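Labels for the chains are A, B, C and D, by order of writing; each one numbers its residues from 1.
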Amino acid sequence: MIIVLKPGTSKKDISHLVAKIKKLGLKPWVSKGVERTIIGVIGEEDIIRAKPLEAFPGVEEVLPILKPYKLASRDFKKEDSVISVGNIKIGAKKLVVMAGPCSVESEKLLIEIAVAVKKAGADILRGGAFKPRTSPYSFQGLGAKGLKYLAKAREETGLKIVTELMDVRDMDLVVKYADMIQIGARNMQNFNLLKEVGKTKKPVLLKRGMSNTIKEMLMSAEYILAGGNFNVVLCERGIRTFEDSTRFTFDVNAIPVVKALTHLPIIADPSHATGKWGLVAPCSKAAIAAGADGLIVEVHPNPEEAFSDGEQSLLPKNFEKLMKECAEVAKAVGREM
Amino acid sequence: MIIVLKPGTSKKDISHLVAKIKKLGLKPWVSKGVERTIIGVIGEEDIIRAKPLEAFPGVEEVLPILKPYKLASRDFKKEDSVISVGNIKIGAKKLVVMAGPCSVESEKLLIEIAVAVKKAGADILRGGAFKPRTSPYSFQGLGAKGLKYLAKAREETGLKIVTELMDVRDMDLVVKYADMIQIGARNMQNFNLLKEVGKTKKPVLLKRGMSNTIKEMLMSAEYILAGGNFNVVLCERGIRTFEDSTRFTFDVNAIPVVKALTHLPIIADPSHATGKWGLVAPCSKAAIAAGADGLIVEVHPNPEEAFSDGEQSLLPKNFEKLMKECAEVAKAVGREM
Amino acid sequence: MIIVLKPGTSKKDISHLVAKIKKLGLKPWVSKGVERTIIGVIGEEDIIRAKPLEAFPGVEEVLPILKPYKLASRDFKKEDSVISVGNIKIGAKKLVVMAGPCSVESEKLLIEIAVAVKKAGADILRGGAFKPRTSPYSFQGLGAKGLKYLAKAREETGLKIVTELMDVRDMDLVVKYADMIQIGARNMQNFNLLKEVGKTKKPVLLKRGMSNTIKEMLMSAEYILAGGNFNVVLCERGIRTFEDSTRFTFDVNAIPVVKALTHLPIIADPSHATGKWGLVAPCSKAAIAAGADGLIVEVHPNPEEAFSDGEQSLLPKNFEKLMKECAEVAKAVGREM
Amino acid sequence: MIIVLKPGTSKKDISHLVAKIKKLGLKPWVSKGVERTIIGVIGEEDIIRAKPLEAFPGVEEVLPILKPYKLASRDFKKEDSVISVGNIKIGAKKLVVMAGPCSVESEKLLIEIAVAVKKAGADILRGGAFKPRTSPYSFQGLGAKGLKYLAKAREETGLKIVTELMDVRDMDLVVKYADMIQIGARNMQNFNLLKEVGKTKKPVLLKRGMSNTIKEMLMSAEYILAGGNFNVVLCERGIRTFEDSTRFTFDVNAIPVVKALTHLPIIADPSHATGKWGLVAPCSKAAIAAGADGLIVEVHPNPEEAFSDGEQSLLPKNFEKLMKECAEVAKAVGREM
């Protein structure tokens, strides 16, 4: 950690700061430049990170050197983590595709979709039983019933299932039915929820908050890892920017950045990242070309009647086409589908 | 609601859409312009809002006319709501000030701060017993013990207390001790938490998410109001932008915008909105000048040793100075402190 | 255009507005809903667009129906435009690659780079003779001398050259030497500069401003087209967001969005969009997968000594590798390199 | 400057970097921590700032210590600069108000407005003769004729005049007529324009770009100061964010931040920062409460017919009311109007 002092900081203020650092068991070294004095701190950066050094008199700026996440970092584990969801491996050469409706609407419809996406090559069925909706007047999900339909669809097709957990009170229920627990974008910093999923060994799909930095996403992953659950898959799903022609801006840069910073796999959600079904295909291909380990895509046979997100859902025939196109791109970058 | 069609949309697609709208019990009227055909929809906009009209063939854009929140809107209630927290009125001529430490750290320290902010003129004591922290390795709050200390401080000073609720499982506990429940920025779209606080009559301080629009904040308020709890106070606490010289960008525009759209009161949090104690005073005065109904400010007698947010906490003497300066500005805009 | 009135707008205010619209030669129709009255306006939307309708009493919101650009729109021209830079075609099946140093530094070095990128398969040499630099103390470019070196490099290699025009006074000079004129991100809304390049027939590479919407980019293209120059190629080069791990956020969504809205070609600039040479390859492949018509890439044989942008420049050997990898992705999406 | 190395950087790479730093005449010191080695660089940071250190093998991150602007910084000049526009002083105790129409439309109308704003207490008349417009089809300003009308209005009222310069070719013309030259938000990084106004001694009103950081604004000011013109007044006019209920987000934090970093005065533009006339008053009062040295406000007697920005223009009677209200706030913070 580097502490930059304001010009003209008194000797007394410097001594006060140096004494404080020593008291914490760390080693400060003071370097006087022509225009600024700076203090370097050697030792466990964690100890001092929590301290509000900017509250000390004379401190202009504090520059951390080390990353605040540990277990999630490449420094901690050099080789890529491969996360198993049953027999499905996420982070390996073969890309993994999760597909299904935004919301679970009925058993019949869900199975119809599951069969279709399975046939097109999907590995995991997605579908929300609990739905975070901006409006209290919107459809809020089928709850426990939805989970049962998901289990039924798994039985029928052999697909694994991933579904969102929104509430710590539903933890046991979701763990019982799901093969993979999704933490949605709006809950990426719901720290108690993160702690709960950290206590199981269930694979977790952690979606990036719409206005969270990559660093914050890794800090949220750290919550889960620190709890003992290393089965975390990250998901880039678009960030909020000034651009208003799409629902969100898909941050494709995040994919190689995440790959460099962490050993955890990362997939892309082109449906939410664009908000328009016509953009799902180009965005999916871009994600794969950039190195994503898979996709999560919304599919609905009758988007006009979908209970949610109809405008960004693909028809099964378009999903099938997408799978073929993506397979070509995957091959071009040394992956498989 | 106005539906704009793509140029060249077929008669069949138009009929399909018109039939659908009629089936929903609404009245469509079609207007053919030189370059675009548009369909207006008259009737309960809510019915059709949930439908993914953009998923219909030929639809270029859907333009809603009505606001998606009802109970929170000025259309629903013209006069300003005044929310009572015991004998404290929020939204009246007299501005309300909430002050205290970021986290509750010890009983002794909390009471010391409570006495100081009371003396300087604060109405409500703030202090976190449950703390949302980006890092799993940071101090996470004292929990139930912290709530007891808050109650003790209330006893000693007569100040009301406001504290954050992060987890639905802590609802009863927080309701038992707090006079006002804070929903933090990271939980503004934790919809189950909103539903829970909608079930009590406790006043709720709802903070704007760091990247949520004003409309979304009002939708979150709507969740609480729709549950039957009309005691909601909004809080502008800074939004995330590209500017990196402050922790967040205080959106002062939001204050008059909110006042125009809703009857609910709004206060400002200059500590989080700037992230630097030296900016708290100018930001507070700006908020009052723009029409805020009060402030929530972090105060700590020894920011260097604060468990959290030390860099943005005011010393009691600076808080006292702030109160005097703000009183002048309040008077200048026809308010009191 | 749709005008939404506030609830309770007086008949007088409505008549006033209706009269005004008629006076402009347009046809208003008034529709009274349960909660809102709206006025539709039929006729040349341009006439009324410039009018500040929101300044009229009773007006809550104005919703435009038509796009504000005409010549740049797909409505105006359905088929893709292919722009010729000499024998190079931009917007055709074969992707076009522009490569070279950020700044022109010396004749010798420029020719060395030109030879290398030509050998690797580039079509056009890029290089700045005039440089927009944030600091007045940074290298500002070689000016006219730099243009001469570019011409020399063209002579030696047969590559076409693209270079930035920053100042209307340099117009003749740049037109004399360059095959394609670049308008940089910081000048995307330098309207007088756009008007000037609209007067020539030289192909223009128009880069998106770092915080301009796609719509604004098309409006800037419209300036050039309206001047009579239809040889415009757009360039996505990253937008400014809250994410701070990359210099900009590459908006890959913009590529298919632009393709849908306009007939003009669009290329990607992965060097500026990421700011880090290690991210240039994944970002380039993503752009091609999403449908970009080409790339513009910074290459320097000794980035450590580059006068500008060294941290985002590729070594020639890495550029060669990039070209091979991109060719695979291009093939996967039905294009060539 | 602090250079952070990647873990495992070889001795050879470290020596290479150290040698490079020494060759530049600077003094490196190497500090090996448990997890990272860092290199501090003492000496003229400018020399090394331009070097792409991140392009060196083994470099993870480069952390600058000193600010990149010099003449604009508080380090360079401790006391506030007061800029004279004739007898008007900007940056002194008395706040300065600039007011007038967005565009100069006719001599008669301009004089009418000038008389009205003068009477209400404005010091300087604003009005655009050259207008930067997003659309090529919008009114582009009266040009030279507009400047003459401004001069006429000055003659009639004694008000000083400020008007925008968009094009280096209009420099002499604008210098001839204006008392203060405005550099608009879209030209804040038009560096050649900045260099030109740096060559005169005319006061310059430099508006912040809608997506430029405060640091970049100070770098642009540095261009003018470095040219020899120290008469620079900054202007906060709103930044682009995700919030869509206002045209821009007024960054009120910027006012105290700028005051801390530079000796130059700063005023606020509430008309552009909000885009809605109903928000001009609260935003103006907020700016003054936060410490702004003045305001620039759009006023038009008939906003419905304004050639531009009608929706954000105040009627003269509302401007008069604003002046009275602002005077109260100014007094509350120890200023005058």
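In this text, a contact is a pair of C-beta atoms (placed from the backbone, for glycine too) under 8 Å apart; a residue touches a chain by one contact, two chains touch by 3 or more.
Just so we're clear, the structure is a prediction, and the values are computed from it rather than from any experiment.
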Of all other chains, the one whose Cα centre sits farthest from chain A: D
Selected interface, A-B versus A-D, where C-beta contact pairs are more numerous: A-B
Separation of chain B from chain D, taking each centre as the mean of its C-alpha atoms, in whole Å: 31
Separation of chain A from chain D, taking each centre as the mean of its C-alpha atoms, in whole Å: 38
Centre distance in Å when chain A and chain B are each reduced to the mean of their C-alpha atoms: 26
Where chain D touches two or more other chains, by residue: 211, 240-242, 244
Complex contacts: residues of chain B adjacent to chain D: 211, 213-215, 239, 241-246, 249-257, 260, 273-274, 278-279, 282-283, 285-291, 325, 328-329, 331-333
Chain B residues within the chain A interface of the complex: 20, 46, 49-56, 68-69, 132-140, 166-169, 186-187, 189-192, 194-195, 210-211, 216, 219, 222-223, 226-227, 240, 276-277, 303-304, 306-311, 313
Touching residues (chain side chain D, partner chain A) in the complex: 2, 4, 7, 29, 31, 33-36, 38, 40, 42-44, 63, 65-66, 75, 211, 240-242, 244
